[in-house]
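A short write-up of the structure that comes next.
By written order: A, B, C and D. Residues from 1 in each chain.
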Amino acid sequence: MYRFECDYTEGAHPKILEALAATNLEQTPGYGEDSHCANARRLIREACQDPEMDVHFLVGGTQTNTTVIAAILRPWQGAVCADTGHIAGHESGAIEATGHKVLPIPTADGKISAEQVRALVEAHWADATHEHQVQPGLVYISHPTEGGLLYTKAELEALRAVCDEKHLPLFLDGARLGYGLMADGTDVALSDLARLCDVFYIGGTKVGALFGEAVCVPNKALLPDFRYSIKQHGGLLAKGRLLGIQFETLFTDGLYFDISRHADAEAMRLNAALRAAGYSFWNSSTTNQQFPILPDALCEKLSKDFSFSNWGRAGTDRIVRFATSWATKPESVDALIEAIK
Amino acid sequence: MYRFECDYTEGAHPKILEALAATNLEQTPGYGEDSHCANARRLIREACQDPEMDVHFLVGGTQTNTTVIAAILRPWQGAVCADTGHIAGHESGAIEATGHKVLPIPTADGKISAEQVRALVEAHWADATHEHQVQPGLVYISHPTEGGLLYTKAELEALRAVCDEKHLPLFLDGARLGYGLMADGTDVALSDLARLCDVFYIGGTKVGALFGEAVCVPNKALLPDFRYSIKQHGGLLAKGRLLGIQFETLFTDGLYFDISRHADAEAMRLNAALRAAGYSFWNSSTTNQQFPILPDALCEKLSKDFSFSNWGRAGTDRIVRFATSWATKPESVDALIEAIK
Amino acid sequence: MYRFECDYTEGAHPKILEALAATNLEQTPGYGEDSHCANARRLIREACQDPEMDVHFLVGGTQTNTTVIAAILRPWQGAVCADTGHIAGHESGAIEATGHKVLPIPTADGKISAEQVRALVEAHWADATHEHQVQPGLVYISHPTEGGLLYTKAELEALRAVCDEKHLPLFLDGARLGYGLMADGTDVALSDLARLCDVFYIGGTKVGALFGEAVCVPNKALLPDFRYSIKQHGGLLAKGRLLGIQFETLFTDGLYFDISRHADAEAMRLNAALRAAGYSFWNSSTTNQQFPILPDALCEKLSKDFSFSNWGRAGTDRIVRFATSWATKPESVDALIEAIK
Amino acid sequence: MYRFECDYTEGAHPKILEALAATNLEQTPGYGEDSHCANARRLIREACQDPEMDVHFLVGGTQTNTTVIAAILRPWQGAVCADTGHIAGHESGAIEATGHKVLPIPTADGKISAEQVRALVEAHWADATHEHQVQPGLVYISHPTEGGLLYTKAELEALRAVCDEKHLPLFLDGARLGYGLMADGTDVALSDLARLCDVFYIGGTKVGALFGEAVCVPNKALLPDFRYSIKQHGGLLAKGRLLGIQFETLFTDGLYFDISRHADAEAMRLNAALRAAGYSFWNSSTTNQQFPILPDALCEKLSKDFSFSNWGRAGTDRIVRFATSWATKPESVDALIEAIK
């Protein structure tokens, strides 16, 4: 069985396991105050071209989204996001559990525009009873989105401009950030995120690490006491060095980017083969998630040897998701391409 | 200026002020443990034909909705309601502030059906990742709805049946309950609510009282320690007798029903006059809120002498709301009818 | 039966009932945006000699404490208060329900000193693991305290100084404020509170009103969007004018002060009689609550005609509480004094 | 530098790293639904002699305490624990952040007795105003305690009895459980915990794992939808197998017990040497944490080559903590013993 159902079916990139083994008997202070975390912070700041920003390491995506959002918002505020955003429907109400409403913007493709944010915020303040409603308190976007799409630099700059205009922090969920940064045709670099976001995170769990997300805070004043929040939300790992060692490895010699590029390339090889075979796609993702529209019969045939996700219906056909990752073997994609022909 | 903008522009029915004055120097225990509260509970149980149910008195609607819902739900559960429900958009995120997501059902008219509830609940449990989503934990409806519409007895029975089937409590918000119970053509009586709901409340604030909502709990096992919750949410009035005295008055000699009938009758008199003048309506409300569709020019003319609410647009015309209440004088409605002609 | 068990056994001062009756059929906007609220705000600002401060009206004490504290604190912060403070043990965990720990300071008499606050805050920051603990986020005091004691102006100034030094807002709970301001020997005036506190409230429920607390916010920047918070916590009364009318009445012709002075005078008359009869006291309260230490036999004898509260034991004797109020009749105190002799 | 400052200064037992490496390229489902988690559950059930209990894997201690407690308590309830309990002062208010007060019991040694629990609960219910206070909702204990002490089987049985009597769940925090179970003289076995607790956890982070806590739920009805809670609190690790593999390794061939026994033995070797050298101890811990009382001069001398924690003062001397672990080398303890002589 070849598994394409998601991008976290394996453990970690072998270099990470090697690094963990090599450092295993080192004795270090806990809670992220060790030299590996310090070094990982330095490497990430360099990669982001922001030598001053704060960098914190958390364990997983839901924890990161919740901890960041709860630390930013005041009790009467909510998080503006796409109605398909991860925080809106895939985190068991974690944001609400911290007291905040998610304010969803309907989208066709999972991306929200500066115009939509402006319209929502202005409608709030224009309403005579706005005090009876939840005040928009930050903007949350994902890059890539749940469906693998990317913002352009111009779109991010427009979001930044409306956030400045409306005094809203911009928070970017980068659970699959590597796959976005390495996609063909994107004009968004890591340094753009450091310039345009108040806070964003570089996903490790889905991009080569055992687990771990690196929260980058260019707007340091926004999260002054963030370590209390991390502890309160159960994210201050006792052996914090495990996160430092993993990000140290990922940001040494460009490993994070290389493995992301590999996943994207394998995904686009599959994309090309599907197109050549005459199939269309649910969206125009250029990242590691591909959503072809396939006949049920083909899906059933494929499912004997390949695992993948059902994503919905498109008329009489099925939308499915194939995800590649740092761990996807070219021969697995070869086999899948062969089976599709 | 004649005010029709809402149903809480005046103080209280004169009999309530008289009762407050007559009892003012009585010395009573606090926190709802006085004889007036006891008597009001007895009168309400009689009116509901449920001699056993619990009755609690709270101060206002948002407080009541929040306290009841937070006491019922477990942390991973949310409240199913119409997308136009009061808790969904008019309470500043009070439900979310207690940790719970509101699970909105899209509606055309503000009413949700048993079929919609069943579909939502079954979709939740059928989803392979349901544990990553908020579990439906109760059903919230308003009667009348925000737009003044009423459930039929058959519709409520169907909701009760699906709630039984799916093990969900049914909570009915009766902020304007009197106006619903006294509307022409309704087949829903107070005793039906006691039979069909797990918990509901009888609104006082909008129906003749200075303030106050009577929470009725036919399903006593659902809210065993509810007075802790009331206190925690700031609803345990020190001089709780003020609530007892008001509901005692409202439920003596049918006052609650008489003043509600009056408001409905005046509203329907306005309705008839508007129909006669050729205007159509946003919906078919038979309660104290009427939503005619009027030309802007007429609205502007009327606004010199009458206050009312803007409710939206219908093509080139305007949807407005006129609300009557226990306090509406027939001569005010006469004047409005005259102005419309 | 003469009731001395608490200061909220009656309704409201007759002038308040008269004002409610006189204004009953006025039609006003809701939610505190009416002319009575505006006028009450003006009168309170004048009484506080702070023409700029924000004034909000809420319904009760627990609601007020919770709404203010939740609006000030960030999620990782707690409220410093006396271990006997109302928020620490008498509000069903309302503060914790908003996500915040109460940080109690042990006290003998219910008052906390600037030195204690400084010590607690400095100990927090000096601890190497302070990020694993709750950060002190504000200071809460009551004036009078639960036991009827008063801060001196010098004590309040010292608390202000430490709050400035440590960047902590100072919040004063004035549920019984009138009885404190009118006590013999106090040097604290209402204008001192406006000068020394970031936020405080003037209690109405226990001082002549049916209900209601006036939240005064000299430090306006601290609570910029407070009406959202009030609504979210169920404190934005639909008929907000009821609060405006009551405070308008209380702050016209010094009524609030006159009725407070009356209560204190009656309490001190009882105090003198008890001293003359040879009894000692639990504390040195000069306000409307008196805590004599009495033999059980006397308590039992008194309890036939008088209600009062048990407050604890002092050796073989009992500490009891007698509370007077705006409504206490001199002849009731006469009767009590006679019974004690 | 030899580090004795805590029991999480190294990575993981080498067998765990080997297992992670050996399974690294296996493709498994996420979120704990893989075969390694299933196998680890089976092994833990066997070790606990409870073939039916639920077992869940979470990442860390604060997260585990918070998730369990928030899932058990109703909003008006609090967690009874020792005033020195981890949840009371070392988790940044995580329990309060979920809406619940911690109800501390003063203790000399960090252990709470059945009598203390009974007294607290009975005092609550006996208080006439108990509805104005937080209701005791569960009992939380640590075994070993923060100070390394152990409950006896009789003490646990007495706690179980009072919990049954008062209808309170008993939750045992076993962050250092292995070191407790293997201590000389204890009569408490893992199967006793499964018999006496409603829920407890087996700590991995401090006992040989990279991270991870195994939550055991003998009382399955108590936590019916617990996976929603885990997800909501950010504890549902995407690559859940990492937890399964670690606990699979720890519970194969008794590894968990062997490494715990080693740590205890080294700690008691140090204990004996300190006693022989004439030093006394802060408490009578027989587990991996030892708290000798040492002169400042000795502490300063030792601190050149050894790291340890300051725990407080005892007269003119200092209380310090030395912690051993699965990773402590006998030669490190030899060196420490030599330095003390």
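Following the convention adopted for this analysis, contacts are C-beta pairs under 8 Å (C-beta built on N, C-alpha and C of every residue); 3 or more make two chains touch, one makes a residue touch a chain.
The shown structure was predicted, so the numbers you read here are calculated from the model rather than taken from an experiment.
Common neighbours of chain A and chain D (chains touching each): B, C.
The pair from B-C, B-D or A-C that reproduces the interface of A-D, where over half of the contact pairs by residue number are the same, turns out to be B-C.
A rotation of 180 degrees, rounded to a multiple of 5, brings the CA atoms of chain B into register with those of chain C. Centre-to-centre, using mean CA coordinates, chain B is 34 Å away from chain C. Separation between the centroids of chain A and chain C, computed from CA atoms only, is 50 Å.
Computed centre separation for the pair chain C/chain D is 43 angstrom, with centres defined by C-alpha atoms. Shared interface positions of chain A, defined as residues touching 2 or more other chains, are 75-76, 91-93, 97-99, 131-132, 228-229, 231-232, 236. Chain D contributes residues 70-71, 74-76, 98-99, 131-132, 135, 225, 227-229, 231-232, 236 to its touches with chain B in the complex. Residues 75-76, 78, 89-93, 96-102, 129, 131-134 of chain D touch chain C in their complex.
On the side of chain A, the complex with chain D involves touching residues 1, 3, 5-6, 8-12, 14, 17, 20-21, 23-30, 59-64, 66-67, 91-94, 97-98, 205-206, 210-211, 228-229, 231-239, 241-242, 327.
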